[in-house]
Amino acid sequence: MWSISMREIKLVYFAWVRERVGLSEERVSVPDEVLTVADLAGWLQTRGEEYAYAFENPAIVRAALDRKHVKPDALIAGASEIAFFPPMTGG
Amino acid sequence: MWSISMREIKLVYFAWVRERVGLSEERVSVPDEVLTVADLAGWLQTRGEEYAYAFENPAIVRAALDRKHVKPDALIAGASEIAFFPPMTGG
Amino acid sequence: MTTPRLIIRIQPEPFDAAAEIEALSRMGDDVGAVTSFTGYCRSEGGRLAALELEHYPGMAEEEIASVVVEASTRWSLLGATVIHRHGKMVPGDGIVLVATASSHRTASFDAAHFIMDYLKTRAPFWKKEHRADGTSGDWVEAKAVDDALAERWKA
Amino acid sequence: MTTPRLIIRIQPEPFDAAAEIEALSRMGDDVGAVTSFTGYCRSEGGRLAALELEHYPGMAEEEIASVVVEASTRWSLLGATVIHRHGKMVPGDGIVLVATASSHRTASFDAAHFIMDYLKTRAPFWKKEHRADGTSGDWVEAKAVDDALAERWKA
């Protein structure tokens, strides 16, 4: 047996990621082995069909750590707010 | 002896070409052997010191035939109005 | 280089593009050029009744500020104003305004174009369509061409 | 392609840039982008009291029209307005306005920039300086960089 250490992180969702997840924000406890943004998206996919749908094509979901754009391989350690959203269509 | 055939042409001048020539427009009789814009500028240079001054550096004086930009080698035959002016500085 | 006057606003209210452009042009006797770009909500031939713009508060301001500051380091600007609306807009409504002032024309043209191209791909805004037939439409899809247009400025 | 609405005016009177931009944006629900450029008379740090613009009547209109028509064949425009003043202008006065409307942003940006770059080197206007100390100044010299900027569009 081994114990899983967890951290609590604030997640925010926008546009169709928000609609599919069904939440605009939540606080989640993330296992320690979730190191990167890609790990986090993969772990979220396992949390239910809403998440599986929102992250079905993780390559097109963008992320921001503490309001800065990041790539999937960015480490999430130390971030207090992680956002997931589709490619931007402003302007 | 040979006779010189002449044509009458309207010339218009702008900006410092106008100031140097001392006229904004004139009608001149141009000898037949004046074929191109460059010939015309060269012939004008011989018409007095105002003209010599205006055309002292013919490479920088621009020309238009009937209100269309032309190069120095453009033939003047058929033109009813020929303009000389410095490079443009509008906008 | 004098520090340019930078104005960045994210707001639900309509903006007065004319007044913003006028304010930039009145910044002093060294303003020789003002370029402005306004993006409007379109009906797409009558297909759309409205667009709804969602944004990420805080990050939207920060990303636009960083794009504007980068523009002001690349070009000699006297001022720049960027206003981006969120919420529901109908065809004809202004969505975004980018206006730049400089002494010479190239700086204001290039800076305004750069800001718009970068804003398109970096500012966290998303458009949802509301169809003219009353049904809720799709989220507008991002265009690959917009990424390519932003990449151009890295050359 | 619909025929764009083209407005070209050469006039001694001041123009209302805001009203012209507004008119372009009100051309219909397919206007998604309006880019405007306004060039102003500058004091050059207090050195100049005024600029006097001389032009070649007739040719000025024709050259600007030909530049605008060329722009409308290269980009999909819904409308374009070009106003160029002549006569005496003081610092802060608008000298030239170029505004373009299109469905998508790149067309209006590029067309406005192209029109300005071409207008600079092709439209028969000449600026004479009036110095702040009351003396008559020089004719403004054309810049080689302006030719280079116009050449760029041939690529």
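Order as written gives the chain letters A, B, C and D; numbering starts at 1 within each chain.
Note that in this section a residue touches a chain if its C-beta (ideal position, glycine included) is under 8 Å from a C-beta of that chain, and two chains touch if they have at least 3 such contacts.
The structure presented is a predicted model; accordingly, all values stated were derived computationally and were not measured.
Of all chains, B has its CA centroid at the greatest distance from the CA centroid of chain C. Separating the CA-averaged centres of chain B and chain D is a span of 28 Å. Rounded to whole angstrom, the centroid-to-centroid distance between chain B and chain C, based on C-alpha atoms, equals 49 Å. Here the spacing of chain C and chain D, counted between their Cα centres, is 22 Å. Contact of a single residue of chain A with at least two other chains is seen at positions 91. Shared interface positions of chain D, i.e. residues touching 2 or more other chains, are given as 39, 105, 116.
Taken as a graph of touching chains, this assembly is arranged as a line, each chain contacting the next along an open chain of partners. The full set of touching chain pairs reads A-C, B-D, C-D. Chain B contributes residues 12, 14-16, 18, 64, 67-69, 83, 85-91 to its touches with chain D in the complex.
Every residue of chain C that touches chain D in the complex is listed here, in rising order: 17-19, 21-22, 25-26, 29-46, 91-92, 94, 103, 105-106, 108-109, 112-113, 116, 120, 149.
Against chain A, the residues of chain C that register as touching in their complex are 39, 53-56, 58-60, 62-63, 84, 95-96, 116, 119-128, 139-142.
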